[in-house]
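Quick one: the structure is below, questions incoming.
Every chain is named by a letter (A, B, C and D) in the order it is written, and numbering of its residues begins at 1.
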Amino acid sequence: MNANTAEYLLELRVPARADRMVVVRDTVRSAARFCGFDERTAQDIVLAVGEACQNVILHAYEGRGGGPILLDILDDADRMILRVTDFGPAVAPTAVQPRALHDLRPGGLGTYFIHALMDSADFGRSPTGVGNVLQMTKKKDPAI
Amino acid sequence: MNANTAEYLLELRVPARADRMVVVRDTVRSAARFCGFDERTAQDIVLAVGEACQNVILHAYEGRGGGPILLDILDDADRMILRVTDFGPAVAPTAVQPRALHDLRPGGLGTYFIHALMDSADFGRSPTGVGNVLQMTKKKDPAI
Amino acid sequence: MTESIREVRGHLVVALGGDIDLDRAPTVRRQLLDCVNRQQDVLVDLSAVTYIDSSGIASLVEALQRATGRGTGLRLVAVSPQALRVFELARLDKVFSIHSDIDAALAATD
Amino acid sequence: MTESIREVRGHLVVALGGDIDLDRAPTVRRQLLDCVNRQQDVLVDLSAVTYIDSSGIASLVEALQRATGRGTGLRLVAVSPQALRVFELARLDKVFSIHSDIDAALAATD
């Protein structure tokens, strides 16, 4: 994970409300460009973070709003690291799995997208003991 | 100031480094659009925050980098509130004044721009006692 | 970003634009289902879509299911590159009929 | 965003673009002063500038002062709306000679 050599790019805290997510997306797009990704890959990273935030709104806070979303972005030599933290009740990582694609069933796509778009995605408890963290990484050179 | 009725839009923490400011600007532009400002006014707000961050980099941390910049944005009914906090040594608010415009002297423009672009700009100690805060507001309807 | 609806040769053409995210998906869903309920073929123009996520996709899938159940059609036209990327990721680009423009979609149905 | 320099009828034309902020101002400053030191008139094309702040403005003011001191000219051409706004704020729009395009700037000097 090389988190030791990674440089902190930003920490963003926003209320977990659907109407605010456009600001999160714009920040992530800007950070992805800063890390050197092209527009298409930046858009993929934006979608992955958008899905992660959507899960926090719908599942961690069950649409109640109010709770915060914390987004940490680190710029490592060979990859970008993004962590989405919620302060909802503890969730077993096994509960957060991409479902099989059912062609005509709405829903269940979020975690699938995250895994398809990123090089890694790990769900777990926050190191501070409060909240759940989804850590995602995206390699700068897909060949590595 | 109506800070009581204002809704928290975001809190952003970044290292006070000149190369990172593009990400701060993109976030502020997005937040200004969210608050309903047109592109031209959004750009004015971006410039004011850019100048405030430049002052933190140059003066609060004297170009040493490392220290963080904290940006809080609140969305109030009639205005947007932006607070730029540094964790440098205490500065007397009277030391932060717009200089008179000297046509051909470089420098000294930052605080002048901030006051010209925003409806209010107040420099003071952070309420927590650590760091300096520049609080700026921009009215949504200039007629009010 | 407001949606627009017009009629072209007996088909309803719904143009969606902007970011179709969790915030806007409920409105888009309601609008698409209303169109489908009018028992006409629906063409959804996605040329101005700048962002669509799983919640937006879910609204379109639900409208397609409803149309199929009623024996009418729902086709996508002029899908923006951003949106197409997401349909491909979800492997839905073969589930929906996708046409380059409205004329091509009309030719396929007439 | 890289800068480009070319020569047009004995004038150096420097095209600046992108965001001219604290990060890029030192490079822009060095480049402008190098041009001025060549003892030719300098035209600075600001059409592609998306952002300029007090540090970028300071680099241009310093280059203008240097040019004036050496008896050569430094003119701004095709200033983008974003940049013009900042020059106006600083009341520098009357200090610099600003021209709509390179031809107009050349006509003013020839």
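Assorted remarks:
To be clear about the criterion, a residue touches a chain if its C-beta (ideal position, glycine included) is under 8 Å from a C-beta of that chain, and two chains touch if they have at least 3 such contacts.
Just so it is clear, the model here is predicted, and its values are computed rather than measured.
With steps allowed only between chains in touch, the distance from chain A over to chain C comes to 1. The chain with its Cα centre farthest from the Cα centre of chain B is C. The geometric centre of chain B is 27 Å away from that of chain D, both derived from CA atoms.
One finds 42 Å separating the Cα centroids of chain B and chain C.
Distance between chain centres (mean CA atoms), chain C to chain D: 49 Å. Touching of two or more other chains is recorded for residues 22 of chain A.
Chain D has no residue in contact with two or more other chains. You'll find the chains touch as A-B, A-C, B-D. Partner chain D is touched in their complex by these residues of chain B: 18-19, 21-22, 25, 40, 43-44, 46-47, 50-51, 54, 57-58, 101, 103-107, 109-110, 112-113, 116-117. Residues of chain A that touch chain B in their complex: 7-15, 20, 22-23, 26-27, 29-31, 34. Residues of chain C touching chain A in their complex: 19, 21-23, 51, 53-55, 57-59, 61-62, 64-65, 82, 85-86, 89-92, 95.
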